[in-house]
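Chain lettering (A, B, C and D) follows the sequence in which the chains are written, and residue indices restart at 1 in each chain.
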Amino acid sequence: MNHLLPLAVAGPLLGAALLVAAGRFVPRVVAEAVGGAVAAATAALILYLLLAVPSPVIEWVGGWTPRHGHSVGIVLHADHLALGMAALVSLLVLAVLVYSWRYFDEPPHKHAGSFPALVLLFQAGMCGFVLTGDLFNAFVFFELMGVVAYALTGYRVEAAKAVQGGLTFGVVNSLGAYAMLLGIGLLYSRTGELAMRHIGAGLDARGAPDALVLAAFVLLLTGLLVKAAAVPFHFWLPDAHAVAPTPVCMLLSGVMVELGVYGTARVYWTIFAGPGGIPPEAVTRTLLTFGVLSAAVGAVMCWYQRHVKRLLAYSTVAHTGLFLIGLGLLKPEATSGIALYVLGHAGVKAALFACAGILLDRYGSIDEYELHGRAPELRLTALYFVAGGLALAGLPPFGTGLGKAVTEEAAGPWLTVVFVLVSAVTGGAVLRVAARVFGGFGPAPADDAECETSGEREQPETEQQLTRVPDTMLAVPGALLAGALLVGVVPAVRAAVGSATDEAAAGVSVIPVPPHWPAAGMLLGVLSAAVAAALAFLAVRRPQHTRSRHWVDPLRLLHSGHIGDYVAWTVAGTALLGALALSGVL
Amino acid sequence: MADVLIAVALLLVAATATAAVAVRDPARQALVLSVLGLTLTLLFTVLQAPDVALSQLAVGSALTPLLILLSVRKARRRSLDQVRAEKEAEEGGT
Amino acid sequence: MNRRLRMWVLLLGLAGTAALLVAAAFRLPAFGTGFHPYGDRAVHEALARQTANTVAAVNFDQRAFDTLGEETILFAAVLGTVVLLRQARDERHVEPAPADVAAPVRRYALVLLPVTLVAGLYIVAHGQLTPGGGFQGGVVAATALHLLYIAVDYRALERIRPLGLFEVGDAAGEAAYLVIGVAGLLAGSSYLANTILPHGTFNTLSSGGTVPLLNAAIGMEVACAVVVLLARFLDQAVEIEGEGANEGENEGEGERT
Amino acid sequence: MMDVLPYLVAAWVFLVGCYGLATSRNLIHAVGCLAVCQAATYVLLLAVGYRKGGTSPVFADFTPGARAVVDPVVQALALTDVVVGATVTALLLALVIQVAKRHHTLDPDELSELRG
């Protein structure tokens, strides 16, 4: 028990309230510094709780400690996995605030503090979501993250695409959230409780699952998988991530989407893993199907992008698919693996977005074709970009490589093929961009803007087009990549992540040794990095010529930017979830 | 007796919700949503939830429809502006 | 995706989801017969703390952390709206024309204004006793101010609506809630603990410990937030014009007073 | 019939809202449909908490223990939900206004900048 735990949420909120109240009186520098200080203080608090207090930290907010095993309050259940995620969120928020130091053109008139305030609210929402042990409270924070994220996505109101992306994001995510709330209502009707553990116990007490449990499971997962952008719930993600301000993309792709996976894991472990929940075979089938589908669609779509931020967004879809596969295996080793993978991916993906932001602000374009050969002078950025691409492909000793290797070992040969291919294709796409944009290799690709979003003629997000890249914008991606590297090389991180996931998933099964670098996994990591480099080389040498038809065109046409389509797919996805999990209750 | 009231309120909610979707003009939809807010208020009252009923009355039947109407007004004004702007924009290329 | 394909995907999805929901409906406890362990405990604890309106006790005491999240969502949405509906560089302000209002309408609205305002404050103050509370009262009070728009015109509303002050009020309400929470922590109990004040006598205005305080904080936040929210939408609908009506490029920097 | 009617109404409202959202030809209308979807959640929550013969859980006008009351917890949840719904609607409408400004249309069929 530790009474300081709620401050991980209340602290950033207080900072945000302060920034809004005082934002009209203080200059921008002060507002941004206060935002950074509050984020740092929160990160320090969370790290203290993570490192110095024995797990799990359980706190009944309002002092409603249970009597006779029951309470009327809200419980925060912060085991090491939750605190680790909260720490990741907070550190990334800090990195983003540093990166966006004096970033935007100009803050809204008389509202100097609004961007840092929104980011702090985002931090509070994400921390609340990971720390809470109460299902309805999780919904509240889920909505909070959502609301802030929609506003941040549309932050540059003058950009037509940005407001459209924000709206699509908002509509699809809100629909998911309402589905989730229906699921919460169903569970409450069955168990009369809201604390996740008590709901789980209540279900188990009733014996075998029935249609109600199935419906609740499907509805909860709909909400969480919309957030996690699993195919076919994923359509909002590329639209939002391609257009959101770069610092916001770093948060959205780096950690918010992964919180959908985290939420799925938490809900399954705590509520549905018992005999009254959904049987493991059904869960595995469901999550593997959605995972493989997301990984495949994400990787293919990623390869065929020329808008660099959209390309990175699709690679997030692909990697989230891999995380879902790892989770769906329901093996402790795989769970540890994806936890490491998420950590490494957060650093790498945020760094890549940061580099894309540098390109956008320096050249006023984010289009691979248009930027061809234009950025040879950005050596450090080029280095980061190549390192990021290799890390994404799973090259040891990056954290992504370690996570991938550990998960593959638990996944068996067929899924290993998926892991290698998906990471090679997404990494290869990034390397291809690097080769063309920074190296100017290969002939300039022909322009065929038939059915795609190009990134030409974008407005830089900074005050003017940058002539020199500020040090903060260069330092942050470096630090993030270094972080991703540390995850891979420091054995203590590995051991801590391993024990944290084991503790969190204790209901699933028991285990054993902390994750280590498997020899085969290392080789496969090198192999996928090599495949990625080869793919990039081939693509640069033989640019896609203008073709009237292409086998991926139907898939690309599905990504139509049409809200109606996205909603239809979301509803269909719910039905698919139901169909896949159905056998579990028959 | 209570059951009959609840059933009536429920059916009213279902009917107005359907109407709110079927009415395709946003300004009219705002009015139907306002009615939906009222039927929900009625339902919550017979379900013995006065607190929720009061919020729903304030929010669902007043605030939300008002915001929708203001948005409609803004969008309509835009399209009027647009007609005027169209000619100038031709050469400017926005 | 063409319309027909969308329709097929949608209908398939709706059919599947409908089957799921209907199957679940038949497994739910029959309407009105469920068992409510949490609800029963909540009633018991609310009475133990002298809060007559148990819904208020749940909202502001037992699950006060939810309400914190809820108010933060409101706060964030208002902040987001302020940011999203800011005057863009290619837009300018136009003064709305004074409007003629029919005398009976004006009288009616002006009489209603103080009544509504008082009703709003009453609803806030009695949140722990009778249905209603900070949220409902706040909305009513905020709506009251807008009767002025109906009664006189937009400019009259703007005069009594120093937006900056309301924005600060919105943040102050949020901050007050957070600080009351911290007070519980500093008093040696935990965050948002309702133990720093005596719980008072059942069914009186001062009962419920911190419940009335939190209620007031919410009332203030909601009233201010709704005013700001409506102001932004009204601004867009009444005052801000786009480049379409804007002849000169640099008129867009129009400052507001 | 009364045993399941409230739940079926909730399901109907949710599905009809989804249908409207997917087939909407106007973004403001779509946001309205989303509000309809949300109405389903209120109906479900309050229906779950209802108790036959129970009164509202407010003891200002009768002594505690005299009568059964309906579940106050779901009412608190529904209250939160109402607020969340209103704010989300407001924020989405703000985005719709900007879409109308920047794209000069509210018809989703005509918004085709983001594809592929």
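Rule of thumb we're sticking to: a contact is a pair of C-beta atoms (placed from the backbone, for glycine too) under 8 Å apart; a residue touches a chain by one contact, two chains touch by 3 or more.
From a predicted model like this one, the values you see are computed outputs, not experimental measurements.
Of the two chain pairs examined here, A-D and B-C, it is A-D that is joined by more C-beta pairs in contact. Chain centres here are Cα averages; for chain A and chain B they lie 34 Å apart.
Centre-to-centre separation between chain A and chain D, using Cα means, comes to 27 Å.
Per-chain Cα centroids separate chain B from chain C by 17 Å.
Centre-to-centre separation of chain B and chain D, using mean CA positions: 12 Å. In chain C, the residues touching two or more other chains are 6-7, 10, 14, 17, 21, 24, 26, 28, 34, 36, 38-39, 42, 53, 55, 58, 63, 66, 69-70, 73, 76-77, 80-81, 84-85, 88, 131, 135, 229, 233, 236, 242. Along chain B, residues 49-51, 55, 59, 63, 67, 71, 74, 78, 82 each make contact with two or more other chains. In chain D, the positions touching at least two other chains are 2, 5-6, 14, 18-19, 22-24, 31, 47-50, 52-53, 56-58, 69-70, 73-75, 77, 79-80, 83-84, 87-88, 90-91, 93, 95-98, 101.
A list of each chain pair in contact follows: A-C, A-D, B-C, B-D, C-D.
Partner chain D is touched in their complex by these residues of chain B: 2-3, 6-7, 10-11, 13-14, 17-18, 20-22, 24-26, 29-30, 33, 36, 40, 43-44, 47-52, 55-56, 59-60, 63-64, 67-68, 71-72, 74-75, 78-79, 82. Those residues of chain D that touch chain A in the complex are listed here as 10, 14, 18, 21-24, 27, 30-31, 34, 37-38, 40-41, 44-45, 48, 73-74, 77, 80-81, 84, 87-88, 91-92, 95-96, 98-99, 102-103, 108-109, 111-116.
Residues 1, 6-7, 9-10, 12-17, 19-21, 23-24, 26-29, 34-39, 41-42, 45, 58, 61-66, 68-70, 72-73, 75-77, 79-90, 164, 167-168, 170-172, 174-175, 178-179, 181-182, 184-185, 189-195, 255 of chain C are the ones that touch chain A when the two sit in their complex. Those residues of chain C whose C-beta lies close enough to touch chain D in the complex are 6-7, 10, 14, 17-18, 21-22, 24-26, 28, 30-34, 36, 38-39, 42-43, 46-47, 52-55, 57-59, 63, 66-67, 69-71, 73-74, 76-78, 80-81, 84-85, 88, 129-131, 135, 202-203, 229, 232-233, 236, 242.
Against chain C, in their complex, chain B makes its touches with residues 49-51, 53-55, 58-59, 62-63, 66-67, 70-71, 73-74, 77-78, 81-82, 84-85, 94.
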